[in-house]
Amino acid sequence: MSGNSTIGEAAIRAGCQCYFGYPITPQNELTEYMAAHLGRKKGCSFIQAESEIAAINMVYGASLVGARAMTSSSSPGISLKQEGISYLAACELPAVIVNMSRGGPGLGSISASQSDYFQATRGGGHGDYRTIVLAPSSGQELADLTHRAFDLADKYQIPVIILGDGMLGQMMEPVEFKHEAPEELPIRGNALRGAKGRPSRIIKTFTSKPTELEEINWSLFRRYQLIRKEETAFETFLVEDAKLIVVAFGIAARIAKGAIKNARTNGMRVGMLRPVTLWPFPSEKVKELAKRTRHFLVFEMNMGQMIEDVQLALEGKGEVSFYGRPGGVIPTPSEVLRVVSRLYHQKGLESGK
Amino acid sequence: MSGNSTIGEAAIRAGCQCYFGYPITPQNELTEYMAAHLGRKKGCSFIQAESEIAAINMVYGASLVGARAMTSSSSPGISLKQEGISYLAACELPAVIVNMSRGGPGLGSISASQSDYFQATRGGGHGDYRTIVLAPSSGQELADLTHRAFDLADKYQIPVIILGDGMLGQMMEPVEFKHEAPEELPIRGNALRGAKGRPSRIIKTFTSKPTELEEINWSLFRRYQLIRKEETAFETFLVEDAKLIVVAFGIAARIAKGAIKNARTNGMRVGMLRPVTLWPFPSEKVKELAKRTRHFLVFEMNMGQMIEDVQLALEGKGEVSFYGRPGGVIPTPSEVLRVVSRLYHQKGLESGK
Amino acid sequence: MSSGKTGSKIKGYIEIDQELCKGCQICIAFCPKDVISLSDKLNSSGYLPVLFNDSGECTGCAICAVVCPEVAIEVYRG
Amino acid sequence: MSSGKTGSKIKGYIEIDQELCKGCQICIAFCPKDVISLSDKLNSSGYLPVLFNDSGECTGCAICAVVCPEVAIEVYRG
Amino acid sequence: MLIKTIFAGFGGQGVMSMGLNLAQAAMLEGKNVTYLPSYGAEVRGGTANCTVAVSDEEIASPVASSPDFIIAMNQPSLVRFQNQIQSGGVLFINSSLIEAEISRGDIDIVRVPANSIAEKLGSPRSANMVMMGAFTKKSNIVSVSSVIEGLKSALKDKQKLIAINEKALMAGYDLL
Amino acid sequence: MLIKTIFAGFGGQGVMSMGLNLAQAAMLEGKNVTYLPSYGAEVRGGTANCTVAVSDEEIASPVASSPDFIIAMNQPSLVRFQNQIQSGGVLFINSSLIEAEISRGDIDIVRVPANSIAEKLGSPRSANMVMMGAFTKKSNIVSVSSVIEGLKSALKDKQKLIAINEKALMAGYDLL
Amino acid sequence: MRKVYTRPRLLKRVPFHYCPGCGHSVVHRVMTELIDEMNLGDRIIGIPPPGCSVFAYHYFDVDMAESAHGRGAAVATGIKRAFPEAIVFTYQGDGDLAAIGTAETIHAANRGERITAIFINNAVYGMTGGQMAPTTLSDQVTTTTPYGRDTKIEGYPIRMSEIVALIRGAVYIERTAVNSPANIRKTKKAIRKAFQAQIDDLGFSLVEILSPCPTNWRMTPLESWQWIDKVMTKEFPLGVIKDITGKNDAD
Amino acid sequence: MRKVYTRPRLLKRVPFHYCPGCGHSVVHRVMTELIDEMNLGDRIIGIPPPGCSVFAYHYFDVDMAESAHGRGAAVATGIKRAFPEAIVFTYQGDGDLAAIGTAETIHAANRGERITAIFINNAVYGMTGGQMAPTTLSDQVTTTTPYGRDTKIEGYPIRMSEIVALIRGAVYIERTAVNSPANIRKTKKAIRKAFQAQIDDLGFSLVEILSPCPTNWRMTPLESWQWIDKVMTKEFPLGVIKDITGKNDAD
């Protein structure tokens, strides 16, 4: 089962009732999986929308009435969804948005890339909002994080982005699904379901009083602080004695891990920090690691985006280098190993503490 | 003449031949100005498009054939243009995009706000691209920077964003226009004009070879480095002896300036750095200022976005505080003064060096 | 609020909410009996509302209420 | 390239670019004279191209060329 | 000196042009000026207002949270703005349409029966100019001749309109 | 040990299912596996390929820039991939369709007349299985019984198809 | 005497923010009456647009949610698919439905979504200050057609109802107006039929309502009401445009 | 003997990347012939779409530029307004023109933009792997309608040409096919008329071309060519749908 299908199956098992999407390579298998498996499922709905914009707004509609809803696309299509995501965030509506990103900018290439990091983590749409951003790096994690995405979305009433890439979407790996699809999910208490037996309800942000909107912003902000505290997730690998820590996410982290294993066999004390949540970013962990390790290599399949979060976390208390390949080029573990070794020697890390 | 009309007039005097827009408060006067003044001008074209998406793609079309073209909108409409901006950046096409931003996220409010900073400075669309971002803070600067925007766009073949806000758009101030509209502009050499007397020409990014797209990214990156070097612009105000420097842009900088003047009369040594280009951000200047001044107060009409650029520039070599009002609330100079004084005293800046 | 007054032989009457009325005068134009007219006193929203002239001619046909954009008119018929 | 051969009395002939042809066989279906047939040798792109059988019947009507999606056929008439 | 004035009233009362008038006049006198109209989803046919700031120096914010002068052309404007005016400020009331008592003792109140005067002058639509005249005299921000000059340039060559407006303006000016 | 294999050929030659077959078999043997199909705008009816990585450890990258094994089912695939194979690797050539000389001396070359064998077996469409058999034997990544088991689970209960494929597989297997 | 006309129960007791003579509030009243009469208050969900009617939720006493400009039909689709028991309507301006929302409208109709679009055609963008709408008449002056709409440059007023009528998933389409007692009554009847088509699970229904905008037409309220008859209906003829609900008009 | 049929001059000498039997390349050939015959090579600008024909610029030897999915009509509008001397065409798939690009298409037509849309209807999303297109036929199996297109859920195939024909700014609309010599010739004639309408500054023109996609229809090339006649034209009848160019057919 391809990574894309894995997301589909995991979503269904997480109780996803509605999927609205629009074809774009390299995530079509997800749309197709949902067409085959969600489309005729009782109480569920699949629509191939007329556009990405329609799709995200259908998700908005389904979320209004309390359904677990999902959409997916790849880079250009995600750009088109920015207005909709901003609306979801503003109205505090849960939703899961998958971006199996590809080479950009423009029409770019259909090859895997990580150049939508800024867009995902800093709210590519207008206004001060954030979305939780999960970055899986294996088939298994595609399944696990998809499930987590729906739970987080509901828990915090927030849109959650799964930031994958074309390679994760295409490739197949053995996967174990840990949940069965629920029989029925409870309807979110604040959903619009018709004003039966209760006062009518309004979901909106628009106001002619800026202070009202400010209050919405502050209340979102407080929730964001809570999420930062509670939900930051990461993986570390051989960081305890590391003289150099590679920071990488998603497929890049996997490639880096291969390089690090090799570096270790070559006697280099190299470790890795892999943010699993890109937002909230594991800044505290970076700070903590910087107490023992001075050198960081940020490795991304882009021109350098996550590096800003690493630098922001370090506040000058560490040296940061960068290696990146944009446009859909997939670096090899040995290429990364070469970069690691060069840096390791340049910084004179082989000698003593 | 309102700020919005000022932009319109300045654009026409900069030789803008095409304006394609869609109504949205608070920038309608610009669209209307162009309808009245560009629409019937010889060799020029005004269209009220069917949507913001159509508008940005019309700009793309006009830019393909070498025309100076512009579109404008406000926050939600700018979100919709992200795909188009990414295409413009990818295809190295000049264009001017005005965002008179308003309170967000979602439908938000029509009141002035600065919460689209991330979107503007980090390429809200997909892929690794940048746009030059100019942030005027007065009527006169609206005129001057609009002219500059067209020149920069052509010089670097890049989309340029003018990031204003609803207040700048609405208010009137005396303005002096320093240029006359040119009789005729030379056609950009690489424009599509039909393959007359030369081989046919293609403008595109799509490729099945990621390395080709990588090369495009690197070539863009080199240009971005050049722009960083050549075009970073800022204004400083009383920074020489400042113990506290307020960093603010646009209308917020103006408000801050009022507060600073007052702080000075109260004996506080407060100065200001106002980035005029938000991208490229005046990081070098921040670094330089940090040699003499330890405390920085970032003041934005949002929840804290530019603050990241200040922190990135400082690399821990300065203390950064933040004051922000989101959602379209306009802080007063005396409110900012209160914040400044409190901070000044908290940090014990009144005593000695 | 305003001119509502129940008389015998009167077929109908209307009550106009002076605060809701925005003085658009649409009701005046459509009333077949010509029993509505403009007031000369602004209401608190700054509009000149209209008044019902209870001349006994009102049929309670409710045309005025059907056209009133502000839902400012209630109609009685007996 | 392939079978082009000019003979007297022959009304027409065609040349099929063996490398451009993708063996879709559309030309075979439309040729009124049935003078095109499938080759048994893959071309370097891995397609089985078609061959012109110069039986003298070809009229140079160009129907094959009009339908060929690969523009692989040139037609001669005389 | 930075002086901020809010002009407020119904949509049709010409409060926006009063503000523009002041801005225009101040510009002619070489001062720094900002003019900020306010509008919003809620103003469909409701009240309208604008803020004018005049100063010898750069103007920090075009917004007036505690203006020096307020011109209330109708009752709702009075209700909305009377508490914002700063101590020692002046409140101009169109007494033709406003009856309310003002509770604040720390401000100066000028009552101008703008509508009745305008009606008397035979041009009921220039109540705003009557008020503008009174405001010009009392506020002393700009000279009345600058206001007139501004009026003329705004109305281009509509001589008749200029004459009417000027008359109304002077009637207000001479009132105080 | 990490072993990477690229299967390449025309769209219709079943190279994708060869890859899936290997992946399936390796999974049954409890190994780490990644399967990566390649496709792109350029593959409209052209060549197709997929990469399978099998390892006892976590697999860093599913991409094979220098694969251990390459299966070239047609000429264009050979041209495209022959230089990528790593020294000491094995190149499987469908000799029914490929005539070319191979210049590299640092690799092992196995020629399998997959199409002719398949035709002889009366099932010309299972040339890929013939090749798969030879590949299984030579590469020794997975056991032939795992491949067969994988085949069965992929083809569910299409008994006839399973039989045909198994026959072809064994014909290739027994070739070497 | 008995009260024969009073405020509809589902119309909240707040004054409208609309300009004097505006048609939006007339439609609101008619709709709230109807929702009550049809007993839909418990299960109806409304999607008002950015536009002058952005605050419609302040008036309708039913569940409602804001939508992005033009996306009403997509939002309503999401609602209906996730919660088919609901009766869902969008309330959209001509800019909203016929410009930026063109694709969403046409494709929701094409899928035969069981939703109802209430389409307020006032021939301008009211909310944003009177710009040209796709339905602006030829030669009509707006803030973005200061010299009048020139059909050679800006195109002709678009007849969205006729376009949607071509689409098979659309089952009931009527154009009405709210500029006279009779037309207001017809509007109510049309919306009733549109809702009924949805209740009967037949497909997409749309009621286009010609609605006065005295402010942006720069007319008195009465002039604007008359202009609809005199001018607007020439371009946008009133009447049932499509009815394949199979229901005959009983009254 | 003289060469009576050869590769058009404006068709670059590179093999097509299309599948065997695909209609795209037939249209490319016809168009390049025509551009040469009409002497437009010097001033024509083409906008190919994301879609199977994304690489059209590799074949047409004229100025061309990439466009965002569905936005061809807007891009072409920008080009034509900025450079009216150009002859501008978009080349769009059914997903591109009739799904995501619906609004841009309709409004460009409505403004009467002097541009020509070449609309390749192959009833699927070819490029992305055979998903449902708005024009997919009822019951047709695609990768997103694995059980066949169910009109109750996914709606009916949309007839975009008929919709655009309703719009006054559109002056020439014809539906043709590229599945037989006669139809290919008619396609060429139709495109000629469409270009001519643009040259004559009359308005928007569109030629919808039914085009085989053997790969995603899972047919042999020949079956796919025949399927157009047998099945597709029943839903999408061929012929001139609108012609208000006032030109009579001389040949």
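By letter and in written order, the chains are A, B, C, D, E, F, G and H; residue numbering begins at 1 in each of them.
Just so it is clear, a contact is a pair of C-beta atoms (placed from the backbone, for glycine too) under 8 Å apart; a residue touches a chain by one contact, two chains touch by 3 or more.
It should be emphasised that the depicted structure is a prediction, and the values quoted were computed from it without experimental measurement.
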Required minimum of steps from subunit D to subunit F, each step between chains that touch: 1
Least step count from subunit A to subunit G, where 1 means the two chains touch: 1
More contacts between chains, A-F or C-G: C-G
Inter-centroid spacing, subunit C versus subunit B (mean Cα positions, whole Å): 55
Distance from the mean Cα position of subunit E to that of subunit D, given in whole angstrom: 88
Interface hub residues of subunit H, defined as touching at least two other chains: 18-20, 22, 50, 54-55, 66, 68, 99-100, 102-103, 106-107, 111, 127, 134, 153-154
Shared-contact residues (touching 2 or more other chains) in subunit A: 47, 50-51, 53, 76, 83, 87, 91, 106-107, 110-111, 204-206, 208, 330
Residues of subunit C engaged with two or more neighbouring chains: 22, 45
Footprint of subunit F on subunit A - complex, ascending: 2, 110-111, 139, 167, 170-174, 251, 254-259, 261, 330, 332-333
Parts of subunit B lying in touch with subunit H, wherever the complex brings them together: 17-18, 20, 45, 47, 49-51, 53-55, 57-67, 69, 83-84, 87, 91, 192-197, 200-206
Interfacial residue positions of subunit E with respect to subunit B in the complex: 20, 23, 27, 32-37, 40-41, 57-63, 65
Interface residues, subunit H side, partner subunit B - complex: 41-45, 47, 50, 54-55, 57, 60-68, 71, 74-83, 85-86, 103-104, 106-107, 111
In the complex, subunit H residues that touch subunit A: 50, 54, 66, 68-70, 95, 99-100, 102, 125, 127-129, 131-132, 134, 143-147, 153-154
